[in-house]
Structure formats: C-alpha cells, structure tokens
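Chain nomenclature is as follows: A, B, C and D, assigned in order of appearance, with residue numbering initiated at 1 for each chain independently.
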Amino acid sequence: MRRRRAVVGVMGAGEGASAGAVALAVALGECSSARGWVLLSGGRPVGVMAATSRGAARVEGHLVVGVVPTGGNGDDRPTTADVDLALFTAMGSARNVINVLSADVVVVCGGGGPGTASEAAHALKANRPLILLAVPPLWHDFFCSPGEGVESASDVDACCRLIEARLRMP
Amino acid sequence: MRRRRAVVGVMGAGEGASAGAVALAVALGECSSARGWVLLSGGRPVGVMAATSRGAARVEGHLVVGVVPTGGNGDDRPTTADVDLALFTAMGSARNVINVLSADVVVVCGGGGPGTASEAAHALKANRPLILLAVPPLWHDFFCSPGEGVESASDVDACCRLIEARLRMP
Amino acid sequence: MRRRRAVVGVMGAGEGASAGAVALAVALGECSSARGWVLLSGGRPVGVMAATSRGAARVEGHLVVGVVPTGGNGDDRPTTADVDLALFTAMGSARNVINVLSADVVVVCGGGGPGTASEAAHALKANRPLILLAVPPLWHDFFCSPGEGVESASDVDACCRLIEARLRMP
Amino acid sequence: MRRRRAVVGVMGAGEGASAGAVALAVALGECSSARGWVLLSGGRPVGVMAATSRGAARVEGHLVVGVVPTGGNGDDRPTTADVDLALFTAMGSARNVINVLSADVVVVCGGGGPGTASEAAHALKANRPLILLAVPPLWHDFFCSPGEGVESASDVDACCRLIEARLRMP
C-alpha cells in the first residue's frame, strides 16, 4: 500500500489559550509541516487550533486539516483561515473523538479546558500515542497515571523528536 | 410542560471496576430509583454500569437506561440485563457525549479509566452538574481545577443529597 | 435475560407534516402504548414526532422516548411535551442513525422530507424491519426496491399487526 | 480569507457496485483532481469509493480524502490505498453525515444501496448541492421530488460542468 503522510493531531485551549501555549502551537505547526506531516486540529479560529494551523501553513508543502464541530452551512462555517481542508461534522464535542482517531500521534499543547481533557482521555482510550507538551503538572499526573505510552516534552524540539520516534514504531 | 422525571447519569469503570466502586454503584442505583429518578449509564454488562443498573432495577418503578456504544445487530447487543431501555448508537466512544448530555446530573462513581475521564470532561464542557463519588484524590484535583460546580461526596447518602440539591436548582 | 419491552420507532415529517400523517401518528402512538411497546421518535415538538408521542402518552403505562438532535442546554431543549425520556445528542442528523438502531421495528408514517428518507435508508442499511405506513407511491417504490423485509400498511390496524408479527420473529 | 480548494464528495455503491458505476467513478475522480478539487469519499477499499479515489490519485496535485466508518486501530484500518488522508470516525453510518457536510458538492455516482441513499437524503437535508450521475430512474424520481437544486447528468463531462457551475455560485 502507498504510504500515507503521517497525521499529527494538536489539541489545546480554544478561547482561553495562554500566550505561551499559542507560541508553542505555532512552532509545533511549523515543525510538523517541515517534516512532511499532516497537521490536524479542531479547526476553530481560536487558540491553539488557530495558532498551530497558522504555523503549519507557513511551510511549503503543508496540509492543514480542521475537524470542525459545526455543520458548515452559511455563516456556520467558522474555521481558521489556515485550514487547507475542513471536515464539517455538526456533532459538537463528539468530533473530539474523530480528532484523536484520525491522528497517528496526539499532542496536547499547553493543557487546556475540559474539551482538551476529553481529547487526551479519548486518545488514551483509543490507544493513540499521546504526548503532553508543556502541560501543567496536574495534567501530567492525571494522564500519565492511567495511561501507558504517554510521554512528556517541555519544548517543541523534544516534542518533535518524540513524534518521530513514535511514527517509526510499527 | 409536563415535568419529566429527572435523569441521573452514573459513569465509572467497566472491566476494571474495583469491588468498592461496584458496591457504591449498586447503592447509588437503588437510591436513584427510590427517589423516582431515571438511572442512565453506558449500558454495557460490566463494572459500574452493570452494578448501578442492577441496583436501580431492584426498586419498584425503576427506569434504567443504557446508552450503548455498539449498534445492536444480532450478537452485537451486549447490554446489561437490567436495562429497561437500550439506546444503540454504533458510535463507540462518541456515545459518551450523549450519556452526559442526557443526564440532569452526572455522577462519576469511584473514578475509572480514560472512558470515564472523557465523560467527566464532557460533563464539564457541557455545563452538566458533576458529582465525584469516592474518586481518587487525583481525579478530585484534576476535575475540580478547571470545573465550576463540581462537587464531591464520599458516600452514597451524601451523593444523593447533592443530586437532590442540584435538581432543585432552576 | 430479562425481556425488555419492544421499542417501536416512528419516523415522519416535522414542520411540514400533513393532517393525515399527524392523525395516523397519534393513532399509532396510542396503539403502541396500548400493546406495551416503548414509543421512540426524534422527539422534536412538531409533526409526526409530536403527534405520535402525544398519542402514546394518552395510554396508561406509556414510555415515550425522544432522541433529540440538540444538546439540551438552557433554551436548547426543544422536545415535545409528551416525551417521558429525552436523549440529547447534539449531533444533528447523525441522531437519525440512533433512532433506527434503537428501534426493534421502524415505521415511516406518511412519508416525509429528506430527514425521514435518511431514516428509512439507515433502517435498511442496519437491517431493521421497516414498515411504510400510508406513504406516497414513490416512497413505496424506492424503499421496497433495494430493501428486503420492507412491508407496507395503509392503516394503523394493519401496521400494528405487522409490527406484532415482526416482534414475534426471533 | 485564503480560499480553500473546493471539495467534491462522490458517493455510491460499495461491495455491489456495477462495472458501469465503477468506470464513471474513476473518470469522475480524474476529472476532479484535474480541476484542482479535493476528492472526498467514504474511503472504504471497495466499489465507487475505491474507484473514484483511484482515478483522482492518477492526476498530479491530487488530494484524496476518505471519511471512514471504522476507528482505525490495528487491523481495523481498511481504507482504499489511494486515499491521501483518512479520517477515522468509529461511527458507522453516522459518518455519512460528515461526508456530505464536508463536501461543497455531492455527487451520487450510479445509484447504490441504502447507505448511498442515506447520503443523498442527508445532502438534501443539509442543503448541499446534489448531482445525480447516471442513477436509475427511480433514484431520479425520488430525490428530485422533495429536493430543490438537485441536478442530473448522464456522463462525467456533464457532471463536471454542473459541479463547476455550482462552485461558482456564492
């Protein structure tokens, strides 16, 4: 079978994202496109989703995907401008499951609210590799305790090395 | 409008549920039916779901609902015997969102695995009242930090009083 | 295993339902409750959904279920008054799949719009018994051609006899 | 906002696709990629989905997307080899809704079974432009009767002209 490009899912805060999380998300997006990975997020035009898409779209050859909670009718198409492909689900938070199932590796960037927490939990449930990038200590404690194969990184370079190592596993 | 019976959603571990969590779940199911509440769970025939349904079904007038991840065809109908009504979704973990949206109050009974964690997170995201019953300290710390209106109880009596108080709010 | 009550799913037009379809839906709801069946519909307060729920709620011992497309927050809880239990999905038309999977027999009452057509199609896809009650000839032609086990009835008595026969099959 | 590439969704029979439908699907895929459109299908490695993806993948610059009903774990990743990007939903037929919502224009290629019928119905429900390519007369009669804006084509050239016209509308 032809090899598909690897898909990296980046999850994090929407409206309430910190400046630090946003900066990391931009750099992670750039790094993903530079390595030829597809960058997937929740696609809304705010926070970590918008930032990581913006970073990814800066690099030639990018493929930036947004899996959006709304249905995409008329004005109901609020996606970040930097998404190359929007998947409209009209499923609200149930689309969080699709986000993690469609990613070969899931990165939680900077923690986040309960939506992001649900994505980390769904990643564990579905046995997707989960990398916690610069999350609060409580996130580290909570998701490393039930989960196997959860890894942590404090900067984008280390995170990208962990993603690469994961993608090389069978 | 005719008042519908209140719906209490009880979430918790499946295959790996502890004996303590199972005992609490049985008692919580009984208590819910005795107060006239509909008891809703994930409906699979294991762990907290099965136990709380069994407890609820012991009390006259019960209505025990299971929202099941499978599609309900042929042998694919594994629900706990004590469910009065099974909703078949064929949606895997996306049904976790339906569980919490359909409950007036969500109780996490004894903690659990990542599936249960996703339900707690979805409850916070959807602004459903969330009660943590006898969960590990880490669960308490994690879900009380982002969430408003999260409450804790260490026994079933206290939990039922918290549910009652919540249901009286407008 | 304890036998659950049979679930009859009644699907049909919402806003644009004809007076004839509404009258049939009321009678079908009454008939379902009188025979001890759970009556399930899409739960919105219009058309065939509202009418069949109203009919079912008239009969002692009824259990009327609505599987609603919205999420059930605040004012976002538009369900027919006659629903005993509302399942909130926040999944829009994807809840149509849950409607048919959760029914032991699916009845399309009087035809309908594309939402109803999708439910008939999903019923065929999922091998749920499908009964077409007083549908336009084109509906009969379209859904009987691909489908096996699709049956037709022109009045509620005949429809209920078909449901009974279906429920007796293993 | 940066313009995203248009997305054309091609729906049709899976296992039971006719040779004629498969040939049309290949040509429609090629035509879509040649015009710079993203080609989206249900992504399974059979029938119209596989054929249209194969045709699209032949043309330089293609982007071929499959929205798959399964969850993508281990052996549970049956997608056509020609998909550049697979979205894993684990939602069975509920993914049919995502297929049509994510397409700017939906084409039903050669008719199909009830799954395809549900997609045509969901497209109408969601007000997505729907083009019927070489469908049986009964499909034409059924979906043109409730639907506004449904168009028909008997060959791929005519179909692509209809798609172009639709994509030029605001």
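The criterion applied here is as follows: a contact is a pair of C-beta atoms (placed from the backbone, for glycine too) under 8 Å apart; a residue touches a chain by one contact, two chains touch by 3 or more.
Since this is a predicted model, take the numbers as computed values, not measurements.
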Chain pair with more C-beta contacts, A-D versus A-C: A-D
Same or different contact residues where subunit B meets its copy subunit A, judged by the half mark: same
Longest centre-to-centre distance from subunit A, chain (CA-based): C
Distance from subunit C to subunit A - Cα centre to Cα centre, in angstrom: 40
Chain centre separation in whole Å, for subunit D relative to subunit A (CA means): 27
Multi-chain contact residues (two or more partners), subunit D: 71, 90-94, 97, 126
Residues of subunit C that touch subunit A when the two form their complex: 71, 90-94
In the complex, subunit A residues that touch subunit B: 91-94, 97, 113-115, 117-118, 121-126, 138-139, 141-142, 145-147
Subunit D residues within the subunit A interface of the complex: 1-2, 4-5, 7, 38, 63, 65, 67, 71-73, 81-91, 97-98, 101-102, 126-127
